[in-house]
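Paired with chain B in one complex and with chain C in the other, chain A is shared by the two complexes that follow.
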Partner chain A sequence: MNMEPRGMESHAETEIAELFDKLRQDLPGAAEVARSREAAFAAFRQNGLPHRRVEDWKYSDLRNRLKSVPAFAAPRDDAAAGAIVAAAGDVYAAVDRYRLVLVDGRFHAGLSDVAALASEGVVVRPLAEALAEDGADLFEVPEIAADNAAIGLNAIFCGDGLVLTIADNTRLSKPVEIVHALSADAAVSTAERVVVKAGAGSEVTLLETFVGGTEGSFANSVSDFRVATGAKLVAARLQTEAAGTTHVGTALVTQDADSAVKLIGAGIGAGFARHQSFVRFNGENSRADLLGITMVRGGQHVDQTLVVDHAVPHCDSRELFKTVVDDDAKGIFQGKIIVRPHAQKTDGQMMTQSLLLSEHADMALKPELEIFADDVQCAHGATSGQIDEDLLFYLRARGIPEAEARTLLVLAFLSEAVEEIGDEVVVEAFEERIRSWLSAKE
Partner chain B sequence: MPAVQETIDRVRSIDVDQYKYGFFTDIESDKAPKGLNEDIIRFISAKKEEPEWMLEWRLDAYRRWLTMTEPTWARVEYPPIDFNDIYYYSAPKTAAGPKSLDEVDPELLATYEKLGIPLREQEILAGVEPKNRVAVDAVFDSVSVVTTFKEELKKAGVIFCSISEAMREHPELVRKYLGTVVPVTDNFYATLNSAVFTDGSFVYVPEGVRCPMELSTYFRINEQNTGQFERTLIIADKGAYVSYLEGCTAPQRDENQLHAAVVELIALDDAEIKYSTVQNWYPGDSEGKGGIYNFVTKRGDCRGKNSKISWTQVETGSAITWKYPSCILRGDNSRGEFYSIAVSNGCQQIDSGTKMMHLGKNTSSRIISKGISAGRSQNTYRGLVSAHRKASNARNFTQCDSLLIGQDCGAHTVPYIESKNATAVFEHEATTSKISDDQMFYCQQRGLSGEEAVALIVNGFVKDVIQQLPMEFAVEAQKLISISLEGSVG
Partner chain C sequence: MLEIKNLHARIAEDGTEILRGVDLTVKPGEVHAIMGPNGSGKSTLSYILAGKEDYEVTEGDILFNGESILEMAPEERASAGVFLAFQYPIEIPGVATMTFLKSAMNAQRKARGEEELSTPEFMRRVKDKAGELQVTMDMLKRPLNVGFSGGEKKRAEILQMALLEPSLCVLDETDSGLDIDALRVVAEGVNKLRSPERSTVVITHYQRLLDHIVPDVVHVLSKGRIVKTGGKELALELEKNGYAEFVGAAA
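For the complex of A and B:
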């Protein structure tokens, strides 16, 4: 790791240490879990919050961003939690789905369709409970994410979340929405974890929504998708948190043989957001599709970081990330494809495109290839630019007003990624968000 | 294609010994004691009869260097370097002071002869094509031993000499430009170079002059345990044009030797500099023993309007290469180019690429990088393309392709693209693949051997870059690539 020697401890770092001192006795989990928390805390004491001198966080200096770390929310009753969820809005209101609700990092079974899911072969357990029984394996992460500071911070504080166990060969009739809602009246920190164990041959569509929040909120969630042989999983993650929040969202994917995963991420909200995805192939003949749609404006800062680890032969991965940056906002894409020695016949294709709508928009791209096997096909492409004046002229020559023409062209730019989503429910919800984002400009 | 046929013939005629420049010339040399301290720097400065300000500049760099730490971000691995176990100054005894060709030690001339670098002007004059003459500055260990065609260049107003000589003869020019592109504290190795650099070439092409011939510097490391720290400074004044070539070799040794050079290019309004390198330092043996550590800082500054700097490099040598020839596109409408072929075989490690920093308006840049890894080598492209807020209409096109031969090598791509201006258009594409079985089958079915087929396909792969090299170098480069890849298919 490119860890620089530590300098002065920041205010937020001191707060984190104090918070852990206060909470460590009450955090759930058996001795083994406590040990992994202590190990994560020791690493935090050594390295602090990630900053610009740590290569993976070069463009997203979390230490600089986090001036203060708010406390974790106290437990609430279902009525109070339900009010927070209702206030945050319902993106998938029109969709027939199961709902699982997390408010300020705590799972609310009373607001969730636990029984209905059980009848379809899905066992839902609160993470706090599972930690006490299953021990530390719930905190295990693939090698490529082992040093990640945000995941480490989540492991230190993780008090609740969900464990979703989908029985072998189960095909869910409806998508499952997992709501991550933040209260809007007071800033809180969260550190929840969602572990999805998709059994062999199962098929599931997950809709994760990250909503709510207020100035100073710090959400740090981890979603861990463990996909068994032959399973198919679609996870659409939509982040529309309030402007003042700091959002760090991690998706971990481990895939056994013959599995297929589609990970779709939309980053629209939060003042400072880091979406990171780590995909590891453990079995041959698997495929992962990663799609990203990012739209930022004002002073927003949104980072899409991903690492795809081709550890075994004969796997395919496709990454397509589109970023639209307006005003003074900053967009970041960091993508890395690793092909391990002997992972022959790997096919990895990564594309990232960005559209800068204003003079001071800022975009940083870092598409990486790290290849140790020779019989592979790997490529990446990256572009950055503004709306093509010729296209704009073409539309205006046909009587379309300029603003409308620009909107059309942005939509067209994003549509390539939207079309790849496939799932109608997700496409409609995402298109709706894109349109409302574009119309909010005036 | 005749060029390809030629390469195949050359591959066929090559000896078993792959590195043919590995010989050592037994010549008496004058060395400073091993190690690095202020006295050594004073010694070097005194040896070179430098002005006082230069000594101060060096000492300042040295003091700053002491506070710096070695960079570790590159994808290269090597045991720690003991900077006190190196001779920082080594010069052939007979080479002191500027010389005419007749006074140069015949042993030295013979060495360059053996390397294929004719230093005698008349021999070149006897060549068929007088247009293709090349003026050579020959640097042997720490000093420049001779510079050819100086008189003729002088007539055109071009100053081409060793940097030590320039410091004595043209101190105003050196002082004005030295360290303005690569600042003293730019990075660990550049700072070390600023403190201890011993020689290198200096070129000044005055306003409106098109340099009448290709200029060239040939670097040779000969002594054991020495480091070579050369410094090259090239200035193209308004409307000037110069094409400069750089070549280098070293004897075959078991130990690792350090080469930490700094090259600064400055192009003023409407000027153009074309800088080509064929880097063929000793790469170490097949087990990774010995070889040169090539830690080089090269940067060009397109300081004037409509200026252009073009880097072309063919990297086949060195145990470790750590080098990023860059362009600062400061002047409006300036243009930067980077064409690279990096071939690694055996246990070589290459971490190379470029930086294109767009600062002025309507600047454009182009990057074509071809990496070929074979054996157990690791080959990394690392590059930055950035547009400053004021760099309206900046354009970049980057293409970096990697070819893997064999299953124990690695090819990596680490590009950084940073755009702070909406009107900047950046395009980047990279591919990694192996030579396909279909291509091999096609060639072999037509009677080519496996090795010939690889040479043919690789030549096709690197053609875009080879075309950018001056003619004399293109032939040399094709030959080198074939040799470097010898034994990689079996």
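For the complex of A and C:
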């Protein structure tokens, strides 16, 4: 492969190298883990931060965005961490759920329902501990994500996070919220990882919330869902970080046979956000549903990137992504379905739709199918449009004021994706966030 | 109630002149029918009354209860009591019919300084009127007009009208796409709303609707002007002789 010669190292790239030099001795994990960090760091030295000449990052130039990389936060006591979480708000306040709390990338057992989860068959361990015990397996990623620069950067620095091991056939009585809170008083970097091992036949609903942050914060989070045979996993990821934040969030999904995963992402916050999902089918008769609800305005930049790898036959995947773009904001959708040569009877359907609310709103759409098997059903669709003036007039002609009518039509645009969520708790929380987004418009 | 004075209007986008001096006065309690051939400007007139921005009024005025409504937004006109039953009611996937009805009723009440309806009161009103118009609960559970047949859409329009209780009802080709039974249901719904305080403008191509909604006055619109006005017998005459005479006359 011909690599573009690297230009001058950016300020942020220099800072990253210096940070690693300073931290490498103290980062958790045995020799094997240290080796994978060094390998990731070597790749970073080679390629730098991803930029617009790297195809996957064509629309989201992280190198250009990151002018500076803030330091990682020093450890805090539970009281200080709890205050950060409380300040960030609680979208699921009314929901009966277990809570696991990460603040600035560090797990706080004292703020989390570890014992209660243990009694339901879920073992929760801080990632720092698990890295020492389990080794580099925790950093392993599906082939389709192997070269991903953001995951690599996470591996270099990843100091903490969570490992959630759900025993076989466990059905949790209530959802588990994983709070990813960033402090709002000073910018920090994070490199956290959540590894969820859903045992055979288990059923769990995870509510991930990404909250807080301030100007210059750089959150790099990886959630790795390893779903065993017959397991059902719902992961609803709601990102509402502060406007000045740079957010890179990755969801990795690996599915064994007869499993079902529903990955729901709502991206509303952060000034620059890259939400990337990688799904790999390892066993037959599995299904993955990916739903995306993205709303951006002002100067926000949000990128939804996904790759679904049908590596085995007889699996179904459904992707439905809705994006609302207002003001000068920019939305990006890049979705790829890969069907490997022997993955016959694959059924993959991808749809992405965007609604542009202003003249200057911008949306880039890149759906791709790579099909190497001959007996498959795959399709993709992409649309981009504005509010239909005839619909608007109809509502106004019934007395509904223009702003309210527009709100109704944006909700209508999103409704198909909202209905697909299925889980009432998640629907209510997401609708609440959507409405408050809409009513925040001056 | 309604006074249209020398109304000239064109399509905003390309400047095509559609109305060329319409004069019309409708008194409280009256039912006026506006008939005319295709392209005479009937639907344009109804859209302009409701405030659609695709048209530009270049001359003349529309007075509603003595005040000009030309500068009023569609929602302001609606709250003031103007209702347009659309020729082609719009389907809006993702907007639940009940949510829409409640939003519309409460928005109008709010604009008029009235208290919003409680949910039970709202439900009671919808159930009462829906029954009369054979609008089923199943229809009301669907997104607005989605999957409705032509007849169902028109019944749903009249249901909205009954719930919003406007003082001026404008029916744009409400008979189009209706079979004879559906026509009767819709006409009964409209007739039920007739009152000394409420006026109705029925725009139609055919006379048959006027067998059911009997007008006080019939106008013929051709090439953007009212070219003849008469009693209900004028409609029968038109049915017999067609519009040929008027198309020629206005040219």
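One rule holds for everything that comes next: the second predicted complex is superposed on the first by the 439 of 442 C-alpha atoms of A that agree within 3 Å, B and C clash if a C-alpha of one lies under 4 Å from a C-alpha of the other, contacts with A are read in each partner's own complex, and residues count from 1 in each chain.
One rule holds for everything that comes next: a contact is a pair of C-beta atoms (placed from the backbone, for glycine too) under 8 Å apart; a residue touches a chain by one contact, two chains touch by 3 or more.
This structure is a prediction, so every number in the text was calculated from the model and none was measured.
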Report task. Sticking to the clash and touch definitions up top, decide whether chain B and chain C on chain A clash or fit. Result -> fit
Requested in this report: May I ask you to decide whether A:G385 touches chain B, chain C, both, or neither, giving the answer as first, second, both or neither?
Outcome: first
Requested in this report: Count the residues of chain A touched by chain B and by chain C, then name the partner with the higher count.
Outcome: B
Requested in this report: Classify the contacts of A:Q377 with the two partner chains as first (chain B alone), second (chain C alone), both, or neither.
Outcome: first
**Report entry** First (chain B), second (chain C), both or neither touched by A:S415
**Finding:** second
Query raised in the report: Touching A:L356, do we find chain B (first), chain C (second), both, or neither?
Result: first
Report task. Determine, under the contact definition given at the top, whether A:E55 touches first (chain B), second (chain C), both, or neither. Result -> first
Requested in this report: Check the residue A:G110 against both partner chains and state whether it touches chain B (first), chain C (second), both, or neither.
Outcome: neither
Query raised in the report: In the superposed arrangement, does A:P75 touch chain B (first), chain C (second), both or neither?
Result: neither
Query raised in the report: Given the touch rule stated above, what does A:G298 touch, chain B (first), chain C (second), both, or neither?
Result: neither
Query raised in the report: When the two structures are overlaid on chain A, which partner does A:R398 contact: first (chain B), second (chain C), both, or neither?
Result: second
Report task. Quick one: minimum Cα-Cα distance, chain B versus chain C, in the superposed arrangement, integer Å. Result -> 13
Query - Where chain A meets both chain C and chain B, residue numbers - result: none
Requested in this report: Using the touch rule from the top, collect the residues of chain A that touch chain B in their complex.
Outcome: 2, 55, 341-342, 344, 354, 356-386
Report summary line: chain A partner, complex, touching residues on chain C are 50-54, 73-75, 77-79, 84, 86, 89-90, 92-95, 99-100, 103-105, 107-108, 111, 143, 160, 164
Query - Partner chain C, residues of chain A touching it in the complex - result: 389-391, 393-402, 404-405, 408-409, 411-416
Report summary line: So, in the complex, the side of chain B touching chain A is made of residues 72-73, 389, 402, 404-434
